[in-house]
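These notes concern the structure reproduced below.
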Amino acid sequence: MVDIKVLMEGLEKLDYQNMYNNDFLLTWEKTDDEIKAVFTVSDILREMREENISTRIFDSGLGISLFRDNSTRTRFSFASACNLLGLEVQDLDEGKSQVAHGETVRETANMISFMADVIGIRDDMYIGKGNAYMREVASAVQDGYKDGILEQRPTLVSLQCDIDHPTQCMADALHIINKFGGIENLKGKKIAMSWAYSPSYGKPLSVPQGVIGLLTRFGMDVVLAHPEGYEVMSEVEEIAMKNAIKSGGSFTKTNSMEEAFKDADIVYPKSWAPFVAMEKRTDLYSKGDQAGIDLLEKELLAQNANHSDWQCTEELMSTTKNGEALYLHCLPADISGVSCEVGEVEASVFDRYRTPLYKEASYKPYIIAAMIFLSKVKSPQKTLDTLINSKNGRFLG
Amino acid sequence: MVDIKVLMEGLEKLDYQNMYNNDFLLTWEKTDDEIKAVFTVSDILREMREENISTRIFDSGLGISLFRDNSTRTRFSFASACNLLGLEVQDLDEGKSQVAHGETVRETANMISFMADVIGIRDDMYIGKGNAYMREVASAVQDGYKDGILEQRPTLVSLQCDIDHPTQCMADALHIINKFGGIENLKGKKIAMSWAYSPSYGKPLSVPQGVIGLLTRFGMDVVLAHPEGYEVMSEVEEIAMKNAIKSGGSFTKTNSMEEAFKDADIVYPKSWAPFVAMEKRTDLYSKGDQAGIDLLEKELLAQNANHSDWQCTEELMSTTKNGEALYLHCLPADISGVSCEVGEVEASVFDRYRTPLYKEASYKPYIIAAMIFLSKVKSPQKTLDTLINSKNGRFLG
Amino acid sequence: MVDIKVLMEGLEKLDYQNMYNNDFLLTWEKTDDEIKAVFTVSDILREMREENISTRIFDSGLGISLFRDNSTRTRFSFASACNLLGLEVQDLDEGKSQVAHGETVRETANMISFMADVIGIRDDMYIGKGNAYMREVASAVQDGYKDGILEQRPTLVSLQCDIDHPTQCMADALHIINKFGGIENLKGKKIAMSWAYSPSYGKPLSVPQGVIGLLTRFGMDVVLAHPEGYEVMSEVEEIAMKNAIKSGGSFTKTNSMEEAFKDADIVYPKSWAPFVAMEKRTDLYSKGDQAGIDLLEKELLAQNANHSDWQCTEELMSTTKNGEALYLHCLPADISGVSCEVGEVEASVFDRYRTPLYKEASYKPYIIAAMIFLSKVKSPQKTLDTLINSKNGRFLG
């Protein structure tokens, strides 16, 4: 990692003023400079913490988390990011609260936000719902702020929606940037975002979509591979295509895992559910058709079983660039013979990449903290300077 | 809102020394000066936060919350208040803890309080229980402090009991004080605290009781309206009557919503359960008589259905003072055609007052913070001065 | 309590450098000086808090708690300790998280620890599991730190395992040290660690084992009493024996509560399950043999019922040294006629000792804080000096 001074100089060259008081929902709503600003501030915050420099910008304030699904990693990443900046996390547990009793989104959003500086939401289960819900919350607190109800406008950070998983994919990207020695070195590198077999059902599409929507911006050759029938949202494919053209890279699709892995610099083999099946499931849920859901699940598991050969094996890995492509995963992975009989990845491959995989995950808290920082702070460079010069330590010991 | 200097001058004239190291359970246990001190400190803390002045008086310390019922709003209000002062919230979840296994109140109260500066309790479900439980906890920690077990005496703040809902009603009151330009301007204003129809069952009495117990202190003409059979606790009515006489206002009762609304400056239409029914329910619960509870619920819903015309309609609103009475509600409201078929209020009325309603709710965290502040801090003015002069910001950005 | 200066002088004489960056799992893994250092730092932190001196060494950072069993007291003790030092507690609730979905310990341990300074674990249910699990977590984060995944190595603190309950027993010990006026005054004192009857089933062995493993270090005459069949782990008995020899005290066993209580200075009557039964239960659980578990429970309750005369009565208490032995318990106790018909202790005995019992419990947060402090801080005396001289208050009021 380069030193803080160099990172600060890099930050100075970027135009990211529009991030101030803005949300972070989809990476493709952000400019290249804004994306780079998040990477840079992440690295600065990490470096500051390592050098025992306090990064607290809040003396008090709440960071609210709302998870519509179980979560360990993202929950702790968000909590770590908030804590790093001085915010206390309050979890809006819908089981515990009156949200479950039919309150409108607008009202709840305002009621919990009187002292909230950030709201992190994970809502990835139903197609057409998650991102829409986040925008509803964002609009509600925007109105609340405008109407003088809220003294500050809480920033919305998507912790995963039905379309994108920005904090994950930005962490993935920062990992490869640091691995390859800079964002400029990603140009021309080939990455295989490939479907992989899992004995489980209905994994979200937001990771492959987020990856092709983000990594096509850096001039990479992004290959999306999956069996027929496992298509992702076409809107995101279009974004990937436009990104690739603009960045001088490429975005291609294939139904062959072998083709995708061939000479790849980076591979990201991961299971997901077909988009159309997820749309159908969402529809069945909204009708409360449990029999239909059960049937769909059966069908999908059977469909999956047809493709149990889509596994990231040592053999496949040997076909990548010099046989040493960097293996990525958002974790937890379905590891053959470990967490399941046959899964996304062979145990020996996973074992070999365990340390870089954990390192990949370690960027997420800093990515989230950077997103919050750039939205809340009016003059990020000035505030970072103040923190660095204040000589306040994170830890006295 | 007036400026901090003026508020501080107001505070200086008040006698509130007795609040030090004392609990806040029922508003009528507090003197007029003490009530005003809470309003004033609330406004000061809010103003300080808006001007980015740190209000942290605790470097460490816990604020413990105990909710016997689901709660979003009050939970977040308490968490916000604690955070604003520097306390970390720890929720005593009875599901998770050994409280459920039959520990005595006294023991648990001490075991959780070694580093607790405040305990907030919501216990509003059973008549005769909530307030009594809070006093039991208060007495336990008082003994613990006296006996040298606890190094500090945690302050008890009622977040709603079976009798009163002080943090809600104080927030309601501060809202109208600021709306009408000062507490002195409430004199002679007519407020209708009215029952309203809801298709649900068993809403707590603490809000109407809290409102008549508090607003009668300010020289207002307080009218309590409800259908026959929906009486509130007679002890609280007596308090309201005494308050009205002392303050030069009035407290009257009627079985006509129309009469109550006529020329009212403020209306507070809200459903509640009859006191005698709630007493009966408490009795059935303690006997474990589920069949009796089910029967009672049926009877009460049928009784409610007889009064579905008790709705806050546009027509009724047009009969208030200049047709523009301020509409209050503790939220969430049962809105006709929105959250239910027929409910407490017509959708267009609610919509028109949404912004002031949310603003009304926004006072609650500050009211709670002020209650804590005035109980914990020995010389509130001096400490506020120190904070204001310290130039520590809430937020560096 | 002696003053801070005297405590600091005591600390200076101790050799505890090896605690730095080390875990606290079993008291017998620590040297006498290290044990004394925990007591001394506990007393210093308590004294500092009483004198309103800030003990915050962390500006940000997480303290992670993982409870495999319900817990109020230990949960709040850990939260208090973390808060006292400036760490925010994040609870790893296995119900809420993906841990339940089969993630490996190694992965989860790293994923939650990116900004974790301490991890507190309570896992006392199954013989051979709890301590082993903690070591697995410790080894995982050690590797993560070594491999550059974690920027700091979170300290593991056992909040109770299947073998020892170090935070409880250290709190018990600090209580008697302060009662008897110093650790040197424990020499020659007789303590009866005695089984007592409870109508419930399967209480953990870690308390009696922790007590005999720790208190034998101070030259005391430690008597372990229980009915035949209620043996504790023989490994711990061997440790107690070795400790006793080294410290010039004694460790004896008896099947008579009367004999143990006779002339005792301190008594600790408490129910536990037989070690062999707990081993059997663990085995049945791992086989998923619910019928076997139910049968075992029945047998154990029947076995317990044979010993309902093992009760700490006034009559027994009168046989202790001057009839006024100090009564200890980790709480909650099964009190005859209060929490059960017949239990561990007569109500009048418990009542008489309630204040010292609560005081005993009050040491736990400080013990935990001291364990964290001594593991995280490189030069504890220097850091304590800095805190004391900084004049930062815990509370401004």
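Each chain gets a letter, A, B and C, in the order it is written, and its residues are counted from 1.
In the analysis below, contacts are C-beta pairs under 8 Å (C-beta built on N, C-alpha and C of every residue); 3 or more make two chains touch, one makes a residue touch a chain.
Remember, it's a predicted structure, so these values are computed and weren't measured experimentally.
Peer 1: Shared interface numbers for chain A and chain B above half of all numbers used, same, or below, different?
Peer 2: different
Peer 1: Can you grab the rotation angle between chain B and chain C? Superpose on CA, round to the nearest 5°.
Peer 2: C-alpha superposition angle, chain B on chain C: 120 degrees.
Peer 1: I'd like to verify one number: the distance from the centre of chain A to the centre of chain B, where each centre is the average of its C-alpha atoms, in whole angstrom.
Peer 2: 41
Peer 1: Where does chain A touch two or more other chains at once, residue-wise?
Peer 2: 56, 88
Peer 1: Within the complex, which stretch of chain A touches chain B?
Peer 2: So the residues of chain A in touch with chain B come to 56-62, 88, 90, 92, 96-104, 107-108, 110-112, 114-115, 117, 144, 147-151, 376-379, 383, 386-387.
Peer 1: For the complex, give me every residue of chain B touching chain A.
Peer 2: Contact set of chain B toward chain A: 46, 49-50, 54-56, 70-73, 75-77, 79-80, 83-86, 88-89, 331-332, 338-339, 355, 358-359, 361-362, 364-365, 392-397.
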